[in-house]
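Structures follow.
Okay, so chain A shows up in both of these, paired with chain B first and chain C after.
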Partner chain A sequence: MPKCLVCYKWTLDEKDIKIKPADSSLDTARAKGKISDFDRNAIEEAALLVEKQGGAVHALTYGTSAVKQSLKDVLSRGPEKVYWIADASADAADACVTANVLAAAIRKLGSYDLILCGEGSSDVFNRQTAVRLAALLSLPCVTYVEKLSIEGDTVKATRKLDEGSEVATVKGPVVVSVLGQINKPRIPSLKQVLAASKKPNEEIKITDLGLKPESLQPKSVHRSVKGFVTKRKNIIYKESSAATNVAKLTSSLAAEGLR
Partner chain B sequence: MAGIFVFSEDKALSEQLLTPALELKKTLSEPITALALTDADAKELAALGADKVVLLEAASSWTEGLSEAIYSIFSGAGGSVFLVGGTLRGKHVAAYVAAKLNAGMITDAKSLKIEGGKLVSTRLLYAGLALSEEEVTLPAVVTIPPRTFLAPSAATNAGTVETVKADSDTQVAISDVTPLGGSGVDVSAATRLVSVGRGFRKREDLKLAEDLAAVLKAELGCSRPVAEDEHWLPIDHYIGISGHTVKPELYLAVGISGQVQHVVGARESKVIVAVNSDEHAPIFEAADYGIVGDLYEVLPLLTAAVKK
Partner chain C sequence: MNFQLTEEQQLIEQSARDFAKEFLDPIAVQLDYTGEFPKAVIAELANHDFLGLHLPAEAGGAGAGFVSYVAVIESLSRSSAAVTSIINNQAMASYAIQTWGSDAQKKQYVRAFIKGETIGAFAVCENGPTTGIGPDALNATKTEDGYVLKGTKAYVRNAGEAGVYVVFAVTDAADPNALTAFVVDASAAGLKVGPRLNTMGLKGCPVAHVVFDDVKVPETAVLGSLKAGREIATRVLALASVAEAAQTVGIGQAAVEHAAAYAKQRVQFGKPIATLQAIQTLLAEAATDCYLARLALRAAAQLVEDGKPFEAEAAIVKSFLARLGSKILVDSCQVEGGMGFSESMPLPRLFRDIAGTTLLDSPADFPDYAIAASIA
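After this line comes the complex of A and B, so read on.
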């Protein structure tokens, strides 16, 4: 019966981020938090595995104090316990720092048969965390997985790559990163939401992880972040007659030399 | 610390990596070492400007399994910048090397240069909504997507080639290697595209888009759900953040709402046209021209009008 740990990130929902016209900077004032999209697939996959063959799912996250908002959400999706590290260092953390912190926390928590991550986070999409964790923990790593099974201590995973697919077979413990198509994350039922508030959460203090200051020093620093603005003509035909709209569009296409 | 290293398991991509490597060499004044997996690749890379090529002789052809061997070569030489071809396999290798070095890594760099002894690079955030400029302390690892750069022309002096035995990871066993069941259509090379989304109710209805594509002499593209959830089109038709990036002269999006994850793959098109029933769909913000209307009504009319 597999003991699983899912790492997830609490991110801003990019749908609510606006670009300020004045200076192309990002307006995140109305952006709500969410569990990063592919991390939800990782949580779902662990929950499905354990519902089918027993075992346990724990979740782990590292972020600013905002991660506290994620605890009930993640617990309503299947994990029986969530560990969280809330520290201001997360604000400027790059993938290097994030992996150092998560790996130190996993060492402290003990051994898991399966450590799951999403393919990449929906905000920065670095796609590094699973591989970095495995390298730091000296575990094998299987990335970009679209189908996963575990039998005894053997993990079998179908990977989807640029040019095709392949099956990786490996003895656990192993770190796996999953693709979005591996499953459809559940929308927690009322019962699951209510049950979530009774499940335990435990804070891990970053100071208890024995990390050297240099492990918390980001190697990659944002100099600037600007909204990606492309100027388009935005000429939209919306009369009630489809024929009129089509006639207007075809003359526009002709004017562009595209007929 | 010295040395600019390049690696990709994809021959064309490894040649493209030499272009930014040669550019970095001008500032860093450090030699370029290319890692190659075949003899033919090694000769080609040596001819295109790599000062030295290390030909990896490995027992297994599984690229990811060479991560530790590649890390040893790079760290043993005290390399300062490692450019890796941004395939998924390449990203796996790159992240491993970065972790072992406790180094920073830029995934999918759009540009890179050296400034003040640091590597400065741009990349996209929030599924393409924003562009970020980042500076990374050396040693730094960077992945570069295919076709970001053109391969350089032949160098005056060919580099040397050295063969090195490379250990493979024996923990992971690979089987059932299956090439992509694609249609052979390369949407990234198409000059015109009609792209379909979830506005279509069923697979058979894509005929409406095929008819329009035929009269426009366009290829068919699609959004992620059409390929990955519905399987209406093979995955190699998918345009978006984790699919193809296209730059046709005409991109006609039909029944695609226009989430940034899709638009990022199409926004370098010359002219973007959208047909959607929802006037407030974000695709219209990304479009030059648009029709608000039912695609089932609009497409036959448009096909007939273009045919005339």
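After this line comes the complex of A and C, so read on.
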């Protein structure tokens, strides 16, 4: 029976984020948190596997102090226990830092047959955490997974690729990152929500992970984040001659830098 | 003082919202057109524990409390208040049986309600000036082994779909105000459901008169004790008025959100109409009414959950929404102009539904009596 660990990220819900008209910067003051979309698929897949063939599902997250808001939510979706690392370093963490922290935590927690991640997070969608995590743990990694099963110690995963799909068969332990189409995350029933309060959660202090300071130093830095706003110029060329209109259009485009 | 839902209540509310998007949004328009009873949705509601939300865990319910119940009804009503009308009426019947029923009645009905196997109906209204008075009043005549019910209950929601009815009848002709509650199986001989009434809104929740033509029931059909019916009905209707207010706030919220989304994408005079002051005033007033109603609603629900007197506060919410519920819709429609009047938009359906949630069970001026009585 597989022992599964699902890594998830607590992100801001993009539907609550507004773009400030003055400078296109993001207004996140009223944005609520949520479990990143593909991570919900990872949680659901682990829960389905264990409901079908037994085993255990644990969850692990690293984030700012806001991750505490995620604990009951994740526990209502199937995992029997959640481990959480809350540290200010997460605010600027890139995939490299995140993978360093998660890998150190997993080494501390012990072995898992299957480590599941979402293919990418809802906010930055770098799609790097799973592969970096596997490299740090010296485990095989299967990405872009749309179908998953476990038989004994072997994981069979169907990967969705640009020009078709392929089936990977890997002996566990293995890190798997899943796509949205792998399943439909459950809407937790009220009893599942209420039962979440009775499930255990355990904080892991980042200082207990034995990480060197450089492991928490991001390799990439976000200077600023701006919302994308389509601004139309609404220019209408009204000359009677089509050739003149085309000429005006091409010169306008050239003026915009399109040559 | 904390006006926020707890973390658990927020998760329950979010579950209800997610449920509504997945199961109610796709059928809401169809329900409004066909009025068809949404059996598949009732099964899903049961699967997600929404039908036992208000009932204690020992009865098989979720035991989530009344604040959660109200938050769920509001969230679901944003998508379909017809469905929440079914839920509310079912909850009135299940709450009455769970609170006043015998062990045998609870065993027979409550778990079936929670699983969605049996639909419940709470039938208190009559065509006369008040329940118990008038030619159609439901009378219960004592026999050797029970009672014979004769009369008509009017405007019964869930009528025809219900497997069991909680009804109120006069057992002592000399004392028509002393009602007795009975639990009656829909299959009882002589129980006839009249033609379905064509209602203005909340379609999908069937409404009909139910005729009791010498319906024989055993003595064990009495709910609570003899002549305790008025107390049961008063308590349940007061709770229902809070739940109906939650429906109204949910419908209002849906209208405001739709109008705001429309105003952002509708361009006039070279810019979205959301930037025009006249439109902003309409949106602001509708959002303000909705926000204040929600605060009052949750305050009343918290009193219920704390076991404190809540009737005056429930009446205040009902009265507030009776005056401003429809105005939220008028303002929202005004934002959308001619398009808001079109049946291709959701506002006409919301308009019809909000009329139902503000008018049914008690007329708009009735809460004023309860409010005035609480202060003078």
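As a convention for this text, the second predicted complex is superposed on the first by the 231 of 259 C-alpha atoms of A that agree within 3 Å, B and C clash if a C-alpha of one lies under 4 Å from a C-alpha of the other, contacts with A are read in each partner's own complex, and residues count from 1 in each chain.
Following the convention adopted for this analysis, a contact is a pair of C-beta atoms (placed from the backbone, for glycine too) under 8 Å apart; a residue touches a chain by one contact, two chains touch by 3 or more.
This is a predicted model, so every value here is computed, not measured.
Once chain A of one complex is fitted onto chain A of the other, the partner contacts of A:26 are limited to chain B, with no touch recorded for chain C.
Between chain B and chain C, it is B that contacts the larger number of residues in chain A. Of the two partner chains placed by the overlay, neither chain B nor chain C lies in contact with A:205.
Residue contacts after overlaying the shared chain place A:193 against chain C, while chain B stays out of touching range. In the superposed model, A:161 lies in contact with chain B only, and not with chain C.
When the two complexes are overlaid on their common chain A, residue A:249 makes contact with chain B while staying clear of chain C. By the touch criterion defined above, A:73 reaches chain C but does not reach chain B.
The touching residues of chain C, counted against chain A in their complex, run 7-8, 11-12, 15, 18-19, 22, 47-50, 52-53, 62-64, 68.
Residue ranges on chain B touching chain A, taken from their complex, read 64, 67, 87-89, 91-92, 95-96, 98-100, 102-107, 120, 124-137, 140, 169, 171-180, 192, 228-229, 241, 249-250, 259-260, 267, 271-273, 279, 284-294, 297-298, 301-302, 305-306. Of all the residues in chain A, the ones that touch chain B in their complex are 12, 14-15, 17, 19, 26, 94-96, 99-100, 120, 122-128, 130-136, 140-144, 158, 161-171, 180-181, 214-215, 218-228, 230, 232-238, 242-243, 245-247, 249-250, 252-253, 256, 258-259. Residues 69, 72-73, 76, 187-191, 193-194, 196-197 of chain A touch chain C in their complex.
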